[in-house]
Amino acid sequence: MSSIFDLAASNLISPIILSFALGLMAAWARSDLTIPEAIAKGMSIYLLFAIGFKGGASVAAHGVDAKLLTAVGAGVVLSFGLPLVAFTLLKIMTKLSKIDAAAIAAHYGSISIVTFVAATSVLEGRAISSEGYLVAVAAAMEAPAILSALWLVARGGTNAKMDDGLIREIMLNGSIVLLVGAFVIGMITGEKGLAEIAPFIVSPFKGVLCLFLLDMGLIAGRGLRAAKGVVTLPIVAFGILMPLIGATFGLAAALLVGLSTGGVLLLMVLAASASYIAVPAAMRVALPQANPAIYLTLSLGITFPFNLTLGIPLYLTVAQMVTGG
Amino acid sequence: MDMHTAKRVEIMIEAPLEKRLTAALEKAGVTGFTVLPVLGGSGRSGRWSREGQVGRAGMVAVICLIRPERLDTLLDAAFAVVEPHIGVVSVTDAMVLRAERF
Amino acid sequence: MDMHTAKRVEIMIEAPLEKRLTAALEKAGVTGFTVLPVLGGSGRSGRWSREGQVGRAGMVAVICLIRPERLDTLLDAAFAVVEPHIGVVSVTDAMVLRAERF
Amino acid sequence: MDMHTAKRVEIMIEAPLEKRLTAALEKAGVTGFTVLPVLGGSGRSGRWSREGQVGRAGMVAVICLIRPERLDTLLDAAFAVVEPHIGVVSVTDAMVLRAERF
Amino acid sequence: MSSIFDLAASNLISPIILSFALGLMAAWARSDLTIPEAIAKGMSIYLLFAIGFKGGASVAAHGVDAKLLTAVGAGVVLSFGLPLVAFTLLKIMTKLSKIDAAAIAAHYGSISIVTFVAATSVLEGRAISSEGYLVAVAAAMEAPAILSALWLVARGGTNAKMDDGLIREIMLNGSIVLLVGAFVIGMITGEKGLAEIAPFIVSPFKGVLCLFLLDMGLIAGRGLRAAKGVVTLPIVAFGILMPLIGATFGLAAALLVGLSTGGVLLLMVLAASASYIAVPAAMRVALPQANPAIYLTLSLGITFPFNLTLGIPLYLTVAQMVTGG
Amino acid sequence: MSSIFDLAASNLISPIILSFALGLMAAWARSDLTIPEAIAKGMSIYLLFAIGFKGGASVAAHGVDAKLLTAVGAGVVLSFGLPLVAFTLLKIMTKLSKIDAAAIAAHYGSISIVTFVAATSVLEGRAISSEGYLVAVAAAMEAPAILSALWLVARGGTNAKMDDGLIREIMLNGSIVLLVGAFVIGMITGEKGLAEIAPFIVSPFKGVLCLFLLDMGLIAGRGLRAAKGVVTLPIVAFGILMPLIGATFGLAAALLVGLSTGGVLLLMVLAASASYIAVPAAMRVALPQANPAIYLTLSLGITFPFNLTLGIPLYLTVAQMVTGG
């Protein structure tokens, strides 16, 4: 157990986590520190491109693993299934309406790519390798959860605004296209392509991640300030319990697929993390009655920092114990 | 200068709805509109700001200049999209140059 | 479509004053406003542009739709902030949908 | 609050013409204007969007508040620039604070 | 001949080209992937600064070549002359109005700096050196074509809106000033200056170029979608034929000047490429009656991808054959 | 003395200074070259984060110096005191109103972090080390000058708009929070943290600084164009004299504290430089009657270029003479 705390402690004093903490505190103190929207979007494009490309290049280097398809399939199943778990839990733990509960459930079935990125950089820091195709798994897990959540609502008779346009938008949203596209480019151009652009996508990666997390901290902090009153204690409890449950499901799936230690961690992280970019936009279109203050605060203000600080070290300890890695 | 009466409709709507709104306007026969960025605002659903946001967050302002007789069609189309969402719709009397464009 | 009369107030004000203006509006009971970015402009204090600026330079446009009877309260509040500063305030007659929001 | 009638002129024009428009306005004696960014729009020349653009692409919105009696001069000046180009011009009645500024 | 295809194939699977293709496909599939305008402009500033500086530093290192002035002169002549060729060709091949033809002609006499940058990175990948001052030639070729095109229109009696302001704007437009300015700074500070900022302008260059071409692909793809119907088959044919003709003129000029293999390629590329930043803005001012959908689609949607994928390898093969390099 | 000129000359032909000069000239020639606001803000965030982090990491490496607190205290005293000097000088040298004089004085008591950054890069270029905590001193010197200036106005009976909100805003303005926050993160994560993100915050630093100074040159140049007539000769003279006086006070303070040669230079630079980001915004709130054209032109158009080109080499020569370093 002490190793979890050591790990957590060493994780906590990394520039990445401290940058996030700086953002949180600056927002809390009502500093006017802000990152321009265009810069934040530019950094997220950079991170998606880099993580996708590196994943693809790694697949090219290690050969296309037979497990790739199984892993993607497992991801899709998790993304479809976890919202049902989250929804049930919310109905038990909180007094939220069905619509609000379904909207939150969609977020937890989907994934947070920044949490995934943070986990890969913890792995790199410890020189633990992982399957490059988990990037593809991440992309595959973005959308199914939304369909699950809308089904939960429709089943109850309420009209969710589901149309062809929305499905298309979800499947072709910018993040997924960029992540998958960069993955494919990385796979095609391989190690040679990676070498050409490594000084751009590899060396400065961690530094960009710091500034991006500073921005996430600012947004999360401002969200938490604004959401006082809306987010009750049971809701907060859900925001910490659900990632643990998700990680457990992720662990089971990873073991079934037979991933390496690093791969196990990453699938746990994907299952444990909650979306705060793609799913919120989809919810505004499909479930406008759901209160965005609740689901945004939960995913970005509670679950994201929890995973970032305590979750990842915990999941890594478990992954190492279970795989003996 | 030859001016013609028109209506200036200003619709503030959540950014994820922008495409749906403009599609609805086009379907209702609106031939022109302009989309302005919005930095932030406040309303019944609280204060918000665009700064640092990554996704399709925030709002946009859509401005339509139209002939007065087409106002109702436009408002019906806009209202259908805006109604369940966060947003405001306002209409002002205006005069336009080059009326053949509207 | 059921429309209600309202006033559309547009306040162009220096960006460093934005927070003070919106705080004053909120204190005066204004329930909603929207902030638009401004690229540049010209006035008695000369020409300016936002390009390349680093600090809280430039101006913003704050738009408020309110019930006509609340106009005076709003203008008093806005004027107190704008008065010693660079900025302009204009008011237009408008109609709004969903009057219960204002 | 002491208000004065004015006209609010809103000119949407292609970005490469912005300098020429504001120069023409200044030449016509217009003492103030504000330039707002535009994200995208649609008109007779089709749909366009500013996203990802590199050059001086897209449009801007130029807003002028002026005394009613100076409207014609302004419109003449604006029209000369806008006429052969893509763009729309609209005029609204408005009231302004601090009339001495206009 | 097989080497052209080998070269084309190896060119096609570079991260740069594939990023452009990703953008094209994302736009085609109507994904909402976009690069913020400010980021796109920031990247173009970076690319201009870097390419200008490196050109200047290379001139400083190799000594000011006696051919510099001749090469710049040749570029100016090409830029003045190519619009006449393009205009004649358009009048023969298409039914476009004189105004539209002249506007297009202006684009083809001018240059696309991104195509130039892509060609330099192909040269670097093959360790073929080139004259640093071709950056100055590129800058010198931006503007003259606009004057030619306006002369073509004025000759026909139509009023082109040519005023002093416009000439000044064209000569002092941001791209030219930045490119020439960075070139001069590179020349003054030389290898030492380059060493100081190489980790910024050299190492990550190719990666930034990838993201920039992703954006170009998005814009070109959206333009092509929107331009269906406007751009007819003969117009498309012009968009592929004209760069070949331009490259031939560029080749002749390069041989007259006596450039190296790399230099020959670059002058061919300059002559073959069509502007899509400076010239479109100038045309909106000077020839507002010309339809922007046609010239933008042609230069960015047809000629740019053609040069990027097939043109550059083809020109390089020819340049190598002719110079024996 | 010749060494000052050698130093100044070698300083003048650095890419950093030449980029600033390019911006000035482009603005002067009315080129439309501009850096998007979001990119300029992004670069300033990068520079603040990098300089703060490196300062903190350096403190972590060399141990917390007993002089840290003394140095911060000296900085605060300088920032409180210099506005009184500047105000007196302005009343003697110029005919400016008390309000305008006080507003200008606030700028000269505060600091320009970009001038500080440029000075650190001159030190690096000469391999002269300095105390990392001078970053903290820089942060501490931003705000006190504003209070001094407001006191100068209030003393005269005029109402300065000083409220709790303003004090909070000044103390927690984005630049200070980011600089101090990054400094603390650098101190906590130390050399190890620095190593992780060095490819982002160290290697490309100078290149980013070039582009940022290009932007500063553009803004300063446009400001100077617009301010013709407003800024009289005595005001310009103040803009060159005051940094020399400030540097002298800075020198005295640095010697009292007992800083190294590099540290002496940096404290001189802080005292000599004038704010053009935080203080102008505060002045618009607190002293709206003061004319921004005057104080912005002075600090960004006169004092900033003076320090950048002649000031820093001069201060460095003096610092080396005095400390024998």
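By written order: A, B, C, D, E and F. Residues from 1 in each chain.
FYI, a residue touches a chain if its C-beta (ideal position, glycine included) is under 8 Å from a C-beta of that chain, and two chains touch if they have at least 3 such contacts.
None of the values given here were measured: they were computed from a predicted structure.
Looking at C-alpha means, what's the farthest chain from chain C?
Chain E.
If every chain is reduced to the average of its C-alpha atoms, which one ends up farthest from chain F?
B
Provide the C-alpha centroid distance between chain A and chain D, rounded to the nearest whole angstrom.
Distance between chain centres: 45 Å.
Could you give the separation in Å between the centres of chain B and chain D, each centre being the mean of its C-alpha atoms?
Here chain B and chain D have centroids separated by 18 Å.
From the mean C-alpha coordinate of chain D to that of chain F, what's the distance rounded to whole Å?
Inter-chain centre distance comes to 39 Å.
So which bits of chain F are touching at least two other chains?
32, 34-39, 41-42, 199, 203-204
Please set out, as single numbers or ranges, the residues of chain B touching at least two other chains.
36-37, 56, 92-93
Spell out all pairs of chains that touch, sorted by label.
In this structure, the chains touch in these pairs: A-B, A-E, A-F, B-C, B-D, C-D, C-F, D-E, E-F.
Show me the residue ranges of chain E that touch chain A in the complex, using the header's touch definition.
13-15, 18-19, 22, 25-26, 29-39, 42, 125, 199, 203-208, 210-211, 214
Which residues, counting only chain C, touch chain D once they are in their complex?
So the residues of chain C in touch with chain D come to 10, 12, 36-44, 59, 61, 72, 75-76, 79, 82, 88-93.
For the complex, give me every residue of chain B touching chain A.
So the residues of chain B touching chain A come out as 14-17, 19-20, 45-47, 49-57, 84-86.
Which residues of chain E touch chain F once you look at their complex with the stated criterion?
36-39, 41-42, 45-46, 49, 53, 168-169, 172-174, 177-178, 181-182, 184-185, 188-189, 193, 196-197, 199-201, 203-204
Spell out the residues on chain C that touch chain B in their complex, using ranges where they run on.
1, 3, 6, 8, 22, 26, 31-37, 60, 65, 92-98, 101
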